[in-house]
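Presented sequentially are two complexes of subunit A, the first with subunit B as partner and the second with subunit C.
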Partner chain A sequence: MTKSKADEEDYWNSSKFKAFTFDDEDDEFSRLKESRQAVNSIRRLVEEDDDEDDVEKVSWSGEPVGSISWSVKETAASNQRTDREPAFPKITTDTPSLSKSQSGYSLSSLFKGKTKGGNFQTFTDTLSDSSVRLYAPELRKPKSEYKDYVSDWSPEETIQRLQQGKTASLEKFRSLQDKLLLLDFAVSAHDGNVITAVLIYLKRTLSKEVLFRELESRQTALRHFIHYLTETKDQRLLLELLRALGRTEDMALLQYKEHLAIADENKRRDFLKSCLSLPFSAEDSAHVQDHYTLLERQIIIEATDRQAERGGKVEIFQKFPRRASILNMPLVTTLYYCCFYHYTEPEGTYSSPLNIRQTFKISEKQYFVTALAARAKLKAWLDVDALFTSRNWLGFTRKKSPLSFQRVVDILQKNSAPTQVLQDYVGLVDDADLRISLAQKHKCHDIVINTYRDMKDRQLLLAYRGKVGRGSAEERKIDELLNNQQIRWKN
Partner chain B sequence: MANSARRDSPELPDFSLLKRLARDQLIYLLEQLPGKKDLFIEADLMSPLDRIANVSTLKQHEVDKLYKVEYKPVISTSDQLCFLIRPRIQTVKWICDVANADRAAGKFRRYKIIFTPQKFYACEAVLEEQGMFGDVTTDEWAFYLLPLDDDIISLELPEFFRDNFLAGDQRWVRTAGSALHLLHSLYGPFSKVYGIGRCSKMAYESWREQVEEGEQKARHAEIGNVFLIDRDVDFVTPLCSQVVYEGLVDDIFRIKCGCVEFGPDVTSSDKSLKVMLNSQDKVFNEIRNEHFSNVFGFLSQKARNLQTAYDKRRGMDIKQMKTFVSEELKGLKQEHRLLSLHIGASESIMKKKTKQDFQELLKTEHSLLEGFEIRECISYIEEHINRQVSMIESLRLLCLLSITENGLLPKDFRSLKAQYLQSYGVDHLLTFSNLRQLGLLVEQQPGETLTVMESKVGKLVNDKTAGKLTDAFSSLAKKSNFRALSRKLNLVPKSDEEYDLRVPRDMAYIFSGAYVPLSCKLIEQVLERDGWAGLEEVTRLLNGHEFAVTGSNGADLRAKNDAQRIILVMFLGGCTFSEISALRFLGREKGYKFIVVTTAITNSSRLLESLLDNHV
Partner chain C sequence: MAAHLSYGRVNLNILREAARKELREFLDKCAGSKAIVWDEYLTGPFGLIAQYSLLKEHEVEKMFTLKSGRLPSADVKNIIFFVRPRLELMDIIAENVFSEDKLHSSRDFHILFVPRRSMLCEQRLKEQGVLGSFVNIDEYILDLIPYDGDLLSMEYESAFRECYLENDQTSLYHTAKGLMTLQALYGTIPQIYGKGDCARHVANMMLRMKREFAGTQNQILPVFDTLLLLDRNVDLLTPLATQLTYEGLIDEIYGINNGYVKLPPEKFAQKKQGEASKDLPTEPKKLQLNSAEELYAEIRDKNFNAVGAALSKKAKIISAAFEERHNAKTVGEIKQFVSQLPHMQAARSSLANHTSIAELIKDITTSEAFFDNLTVEQEFMTGVDTDKVNTYIEDSIAQKDPLIKILRLVCMQSVCNNGLKQKVFDYYKREILQTYGYEHILTLNNLEKGGLLKPQTSSRNNYPTIRKTLKLWMEDANEQNPNDISYVYSGYAPLSIRLTQVLARPGWRSIEEVLKMLPGPHFEERQQLPSGLHKKRQQGENRTTLVFFLGGVTYAEIAALRFLSQMEDSGMEYIIATTKLINGTTWIKSLMDRPESQTP
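Now for the complex of A and B:
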C-alpha cells in the first residue's frame, strides 16, 4: 500500500508519462454508475448540471435560449417556495438590519418607480410570456431588450442570485441608495463572496470619498473591502482608506510591512529610515527605530567581517567560519554573533557586545544568557567563569547569576560542556533535591556523593554505588565514606 | 486498555459516499473537456485529491501530464491547460500571466480553471481585469468534504481561520453552509441544531436557506443532531500542548490530510516513510486516544503478544506451518511493521520532549490554566524568549498567558513584547498587531476604557444605518473571562486529587487531568441539557451567539431512533486531535457517536503560524 502510494507521490513531482491500467475498469465503471445515481439523488448538485444542459439548448437561429426559460422556471419555483413551511426556523442574527419581511416591502416600493409592469406578480407574467415568444421568431424582441427584462432583479433578488452563483448584472444599480441597499442586503446575507462582489462594483462606480464615507459605518463591509485590497495588493488605495478612517497606526504598520519585500539591505535600511516618521504608537516607534539602527549596524559589521574572513588573517574566522550572514537577523542573534566573534572588543566599536547591550538596552538577564551560550559554544570556560564572578567589598569572589543555576547548567550542557565544568555549577544549585537530580542526569558523581554524605543517608549512598563504574575513583570514594566510622548515618 | 464501547453505541454512517461523489463530479468535469490536457494542481489540493482519486483515474480522462502550481512560467506543450485550484486571487493572477504570455508569443491554447469548492466573484473579476474573461473558462468542483477517517471529515480549508476570524471576511460562510447542506441531504434530516459563535450562526442561516431553496425528500435520518462551534469560542484548548498520542504525533510530525511522514529517526532506516494514520491501522487505532504515558506500556505488551504469536511456529508440522503462513503470517507481519513504526515514533517523541524539558513546559501550562504562580510562569516564558527557544512556542505561551489572565498587565506586556522582538525580530510587530486584533494577546484594559469605547462606537453606529454592532467592537469586548468560565464549568479539576491516566474519569485526561477542554465541555453540557438553559452565565461570558433549534420533522423522530445519538460537531476554524479524542471519550461514556466535521485539523503551531506576518 505504502509503496504504490509512494510511486504516486513521485508521479506528482515528475511529469513522466506512465501507462495507465485497465485492470479495474469494469469495477470502476459499475461503481461510477452507482455513484452517479447517488449524485442524482441530490438535487443541488444536479441542479447545476441541468443549468448547463439548458444553456446549451439552441433555438432555430442558433441562439442560446435556455437561460430565459430556465430563469422563468426559477422564478416560478421561488414563488412556490414561499408557501412552504420552513423545515428549520430562522434565528435572529446580530445584524438584524434587513429582515426578509422588510425587504419585501422595500422591494415593491423599488419596483413601483422603475418597472413598467407594476408589481412583482405581473413582472413574472411578462417574463413567462416572453419565453413563449422565443419560439416565434417574428415576435421576438431585440436581444438587448431581453437583457433589460432578465436583469431587472431587485437588490434582494440580485443578492440571492449572486449567492447561488448565478449571473446577475449590477450595472443597473446606479443611485447611491440602490448601491447601498445592494451592499446591505449582501451583508445581511452573510456571504462574503457576494459582499466582495458588490464592493468591487462599488469601487468601480463610486468615488473614493463617497465609498470610504459609507464604509465607515458598515464595519462588516469595510473589513471585506480591506481584505480585498490586501489580497489584490492595492496598497495605495488601502493606505488612503486607512487614512480616511483615521486608523493611523494600521497605516504605519502597513507601510512598515513593505520593507519585507525589499531584498537589498541598503535599500531596506533606507526604507526603514523613512518609516521612522510614520505615526506608530510611541512604543512601536521605538521598536522600529531599533530595527533601523540594528540593520544599519549589521551592514557595517557584515562588511568588515566578510573582509576579515576573506583576508584569512583573523584566527576566529578561520577556526569557526561564519555559517550565514548576520544581515536581517534578530537583535539577540546579533548579540550572540558579536559575543562569539567580537567578545573582547572595546566598548567603542560597533560590534562590541557591550556596545550593543548599551545601545539597545538589553536586559542583564538577556545579555547574560546570550554571552554564556556564545562563550560556552567556544568552550571558553574562563570567560564563562568570569561571567559569574563578582567580588564583594572584602575582595572575596563568589558566583552570582541573574539566571537560576539550574538553567545555567542546562545551557552549558546543551553546549556540551565537560563534566568538570558542569559540576561547578550543579554544585551551586540551592535546592538539594534538584541538585541531586541534575547531578545524576549529568553524571556529576562527586556532587551526588557529597550531598548524600551531608544528608547522612547511607541507604541512598549504597544504592548509588551500583550506578558508578566498577573500580572507579567514585566507587572508592563511596567505599571510604561507607567505612568511615565518624559519620553518624541516619539509616 | 482502550475503553470498551458501550454496547448500545449506534453505528456511524458510511462516509465513503462523499469520496465517490467528489470523484464522480471531478470525472464529469474532466469529461467536459474532451481531448488531451495537462492538469495543474494547487499544492494544497494534491493530498486531498490523492485521497479520492489516483493518477489512473485522471489518465482515463485524458489528463496527459500533471503539474503542481508553482507560480512559475509554464513549460507544457499541451494545447489544453486545466487548472485545479482554490479560489485565490494570487493563483488566478498567475494563470492570467500564463495566458497573457502565450498570447504575446502567439501561442494558442485553451484554458480552464476548475475552482474548488466554489468560485469567488473576486477571482472572476481578476480574469475580467486581465482581459482573460471568456478566454479562460471556469467551472466549479463542489468538493466540500473529505472524510479523513470513520468519524472525521475535513473541509481542508486551513485559511478559513485567518480569513474569517482575523480578516473578518465571510467568504467561507456559505461554503460551511453548503457542506452542512450536503451532509443534511445525504445523512439527514437533522432534528436538532445547537451552536455557539457568530460564524456558526451565519453558517446555520446559510444552510437553512439552502435547505429551503432545495427540496428535502423524506428519508431515514442517519445523523440526528448537529452542534456548530466557532474556534474563537475556545482558544485555550488548541493552544495547549497535546499529550494524547494522535495529537502529539500531529504536534511533532504534522499529520497532513490523515497522512504522516516519519523520518529516518523513526523508521530506523535511511528512508522516510509516509503512513496513513486512521482506524485502519489497528495498532494506531488502539493508542491514538491514549495519554502518552500509557502508550509505551501498551506497545510493549503488544510486542510481547506478537512474539508469542510468532513463536507458535516452533514445533509445527508442515501442514500447520502452511496454514500459519497463509492465514496468520501476513497479518502478523503487518502488525509487526505497524508496531515497530509506532514504537519508533514514540521513541522519537520521547527524545524530543526530554530534550526541551517538556515536564517543565507542561507545569507552566497547567499553572496558567489554574491561575497559580503566575509570576513564575511569566519568568519561565521570559527565559524561553531570552534563549530564543522556538518562536512559535514562545508566542503560544504568551497567548495562553493573555487569555487565561484576561490580558497582560501593561508593564508585563511591554517588557515581554520588547524582549520577543529582540529575540525573534522586530518584523513581529505585525504579528503582535494581528494577535491583538484577534484578542489573543492583549494588554489589560482598565475597566473604564472599554465602556467609553463601547459608547463611542455605539453612538457612531446608531447615528448611521441600523444598529450594526460589529467586529471591531466585538473584538474589543472579547474578554476571555477564562477564569470565570473555568469555575462555572469546572474545567480545572482540583490539583490535589490523584488522576489515574490509565482509567480516565473525564475528558481532562487528554491534558493529563489538568484541564477539561472548554469546547468539548460546552458540547457535553448542551447535549445533557438539550439546549442552553441553565448556561446563561456561561454564554454571557462567551459573548453569546448561542442557539438551539428544532426542525419541524424533528420532534416525532426523537427517542426511538438511533440517529439521535449520532451527533455531528462542526468546528468552524479548525479543531485539534485532542478535542476529537475528548469527544470520542465523551461518546463512549454517554453512548453517543460523534462525527467531527472541521474546516481543517489544527494545532497550536498551525493556528499561530496562520497569524504570523513577518514574511512577505
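Now for the complex of A and C:
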C-alpha cells in the first residue's frame, strides 16, 4: 500500500473497516466444532439408518432421483443398453428425402443459410426469388384453413395478428410508407419477434441505402436489426450498416473480433495487420497494433526456439523443455518466457526481454515482477541479486526495488528460494514487526535474533530460544547475547 | 413436493400448478408414447416445475439431450424437442430430423419452444427443409418460474447483456408478459412504481397489454398492492460486492444453479468406523437449497458470521432430542420417540450438511486473500482513494489472479468514483491487456457500454452524495442481531434495497435529488380496479410489494428484502422477481466476449 505507516495504523485502529472475520475467533471456531461433534455423535447413534435419509434420494451422480436432468441421463443410459442388443444391419441411403419440404415456401434467400453438406443447396436454388413469400406459418392448422390469408389487414392489424402468432401477409405492403408504418407499429408493440419479422421483409424489399437511412431515425428497430444480423452472422452487411451509421468504432471492434475464429497463426497475424487501418479509438488502436506486433514476434520466436529445442544443442531447452508453444499467449507471459529462455540476449534481438520491455512500454513494476519470478524459478540467484542492485553517485551499491520487499520475499518463496537467499530480502523489510513475522515464517533465525537484540527485548529473545534447534548455532548466539553484559535490556 | 412455495404470503404454488397444467395439456396433444429431446439448458428450470414422474404419467418414455447427429433409437410414436428459440439449436434439430427420415418414417416430430415461438427459428427450419416434418410447433410460456416461497425468476441469463449492451428488448417483452400472467392469477396490481429506462418500457407494455384486454375484467381480489420495477443499471454497485450472507457466499464460492449447488465431496464423506478412508467420493456432492429445508430457511439469510452460533444452537436441540430416548420408559413413550425419528434424522442430516458447508466456506473467508479483497471493496464503497491506481489491484494483476476478480474490483472502483480518471482508466486497461491478452479489448468495451467501467466525463463525482443520502455505509452494522439491511454486506446497504425501503417509507419524494443522479426516469402509475375489488385492509395488516429486478438480483439483496419483510414495524412484505439470480462473477461473465478463453 502506498499509505504512510502512520496512516495505516490510524486506518486499522479507527475500526472503520470491519474486517470480515469472526468476532471471537476461538469461540466461533469451537461453535462450528460443537455442531460437528454433535453431528458425529448422533451419526454414530443412528448409523444403521443412514441410508434411509428421508430428505431426498440422490443417485450415484449426486442428482436427486426423479429430477429431470437425472432422468435424461437415466433413460438415455437404458437406451444404450437396447442399442447394444443384436440387430440386423440397417441400410442407409445417402439421398435425403426432400419430398416433405418441397411444398413449403422457401425463405432461405433471406438468410445466408448454412448448407449442410450441400444437400439442399440445390433445393433452395431451384426456387426463384419471386416465389418467396413471408408470412408467419400457423402450423397447427392444415393448409386449407389459411383462408383469411389474403384478407385486407391494415398495418396495425397485421402487426397485432403477428403478435398473436396468427398468419398475416406482409407482401402486400408495397409502398415505403406502408412498410415504415408496419415497422413503427411493430416497434411500439415491443415484440422483438414481430419487429424482426418486419425487418426481414424490409431487408429483402428495400435498398440498403433506404433501409439504413430509415433505421437511423428508428433506434429500437435499428438495434433489433443489428442483433438480427449478428445472430445470422451476416457480418458483411453489419459492417456496412455500422459504417453507414458512422459507428466506426463499433465496426472496427466487430471486425477485430473475427480474429478469434482464425486458428492458423500466420493467417491470424495477417488478419490483425489488416485491422490496423480500422478506425479504432486512439487507445484501442495502439492496443491492436501491439497485439499484431506481439503475434508477429511470437511466430518468429516460436520457429527459432522449436528448432533450437529439436537440435538438442541449447542447454536450457534440454534442462527445461518447453511446456507449450508461446503463440497467442499474453504479453506478460511472453515476457516471462523470454526472461526464462532468452535472458542474456543483446537488446537488438526480438526475443530479448529488454527489447520487449521497450517495444511494448511495459511498466517498471510489471517488468520487475516478471523477471524476478522467471530468474527465481531458474534459481539464478545472481541474476535476482543484480535486479536490485543500483549504484549511487558515490559508487556504493545498495538494494532498491519498485516492489515492497515483502512482495519480493513472497515471490522468491513461491519459487522455493533457500533460506540464505530469503534472508537477504527479509532483512530489507523496513517495518520491524513485519520483518519479524516474515523472518519467523521463513525461519530466518538470524534476522529474528538481531531484531530482538536491537529492540533490547530480552523476554522475546528468551522465548525465541525455545523455537530454535537445541545445540544449534542459533541457540549459542542467543545464549551469547543473553549473557552479554553490555546490552541494556529493556525487560 | 413443492409445499414450500405455499408457505409465504403469496401462494406461488398456484403459478406452479398453472405451469404444470399447461405442460400436461401439451403432452396430451401428442397422443401416444413419446420421447423428449431436451435443450440441456432447460432441464434446470423445468426441474423447478415438474419431476420426471409427471412426464411419465403422460407417456414420456425416454429423454435425451439434444446433440447433433442421429437421434438415439426409441420405440415411441412421438419425438418432442423442448428447446429455447435459438438458431444454432435449429440446425441441430434439422440434422436430427434428416438422419431420422432415412430410417423410420412413422415417428411424429413436435417442437415446444420455451418460452416463446420465434419466427426466426421457424424460418431457419424451413430453410433447412425440415419445417414440414413437424406435426406440432408450440410454445410453452415459462416466463416466471417459482423458485421459492417468495421468489420468482425468469432464468433469462442474457437479459442484462441484451438490454444494456445490445439494446435488445425481447427480455422486457417477456417480463411484461410474465407480469400479465401473474396478474391473471393474482389480480391486477393497483400501483406501479419504477426507476430506469427498462422499467419504464415494461410498465408501458403492461399498460398497453391491459388496454388490449380492456373487454375482460379481472375479477380476482388483488394479492399484490404494489409493483416496483427496478433497472439493474440503477444500482451497478451491489452485484460487484462480495455477498456476505450464508446463501450469498455459497453462490459466490460454488455457484447455485436452478436451486442446486455442487460441492467438493471430501467434507461429506461418511467415515464409518473401521473403514479405510481411501474410498473418498470424487463426484461433487449435489444439494438442493430452498426453504423446504427448515434449517436452511433459518440460516440462509444470516450474515455468515452468525451462522456458526445458529448451527451450534441447532446441534444442541437435536442432540437433546436424541437423548430423549433414555427417558422413554413406557411402550407409549418409546412409540412416540420412534414416530419422531424420521423427522429428527432429516434434521440431523440437514445439520450435518450445513456444518460441512459452513466449514468449507470458513476456510475461505478466513483466508488472507479473502480478507484483502474485502478490505479493498470496503475502501471503495466508503470512497477511499477511488481516484488513484489501487496497489492491491495492481499486485493482483501482477500475480495473474483470475481476470473476473480483477474486473469486479476495477468496475467497482469505477462505479464508486462515477468513472475513473482517464489516466487511471488507461493504466488499468493497459495492464489488463498486457497480462491477460489483447483480445480482452472486446470485454473492456462491453463493460464500458454497460456503464460498469468508464472514464470520468464530468469532474463531479456524485457517488458520495448518493452514499450519504441513502446511508449506503453503516459504521456499526450488527452481524449477529441485525437492525439494518447493511448486515448483508457487513456495512454496505445495497442501493437497490434502500430505494425499495425508502419507497415504502417515507416515499421517493424525500430523495428526488438522488433519484435524478441515478440513470433513467422514475415514475408512478395506477391501474384501475373494478369496483368491489378494493381491499378492505384489517388493522395492522401488512401490504405486499412485488419487487422486480430487471437484469438480475443477488442473494444478498433477497436476504435484505426478507429482512425488511420480517421487521416488525415495516408493515410491508416483499415478493421478489427477477430475470436471473446473479452474483458479480456470473454477471461479469455474461458481459465478456469469449469468457472461456480467460486465464484461470
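Keep in mind that, in the parts below, the second predicted complex is superposed on the first by the 265 of 491 C-alpha atoms of A that agree within 3 Å, B and C clash if a C-alpha of one lies under 4 Å from a C-alpha of the other, contacts with A are read in each partner's own complex, and residues count from 1 in each chain.
Note that a contact is a pair of C-beta atoms (placed from the backbone, for glycine too) under 8 Å apart; a residue touches a chain by one contact, two chains touch by 3 or more.
Note that this is a predicted model, so its numbers are computed, not measured.
Once the two complexes are overlaid on the shared chain, A:E347 sits clear of subunit B and of subunit C alike.
In the superposed pair of complexes, A:A261 makes contact with subunit B only, with no contact to subunit C. Once the two complexes are overlaid on the shared chain, A:E480 sits clear of subunit B and of subunit C alike.
Applying the stated contact rule after C-alpha superposition, one finds that A:L331 touches each of subunit B and subunit C.
When the shared chain is aligned, no partner comes close enough to touch A:D431: not subunit B, not subunit C.
Common to the subunit B and subunit C contact sets on subunit A are residues 1-2, 17-18, 20-21, 28, 31-32, 34-36, 38-39, 41-45, 47, 49, 90, 93, 96-98, 165, 190-194, 196-197, 200, 219-220, 223-224, 226-228, 230-232, 253, 256-257, 260, 283-284, 287-288, 290-291, 294, 328-332, 360, 362-363, 365-366, 369, 407. Across the complex, subunit B meets subunit A through its residues 17, 20-21, 23-25, 27-28, 41, 46, 50, 54-57, 59-60, 64-68, 89-90, 118-122, 125-126, 140, 142, 163, 167-174, 181-182, 185-186, 189, 193, 198, 201-202, 204-206, 208-217, 273-276, 357, 382-383, 386-388, 414, 417-419, 421-427, 429-430, 433, 460-461, 463-473, 545, 547, 549-553, 613-616. Across the complex, subunit B is touched by residues 1-2, 5-6, 8-9, 11-13, 15, 17-18, 20-21, 25, 28, 31-32, 34-36, 38-39, 41-45, 47-49, 81, 84-91, 93-98, 162-165, 184, 187, 190-197, 200, 216-220, 223-224, 226-228, 230-232, 250, 253, 256-257, 260-261, 283-284, 287-288, 290-291, 294, 328-333, 360, 362-363, 365-366, 369-370, 373, 403, 407, 410-411 of subunit A. Those residues of subunit A that touch subunit C in the complex are listed here as 1-2, 16-23, 28-29, 31-32, 34-39, 41-47, 49-50, 52-56, 58, 60-64, 66-72, 75-76, 79-80, 82-83, 90, 92-93, 96-98, 100-101, 103-108, 110-111, 113-114, 116, 119-120, 123-124, 136-137, 139-140, 165, 189-194, 196-197, 200, 219-220, 223-224, 226-228, 230-232, 253, 256-257, 259-260, 283-284, 287-288, 290-291, 294, 328-332, 360, 362-363, 365-366, 369, 407.
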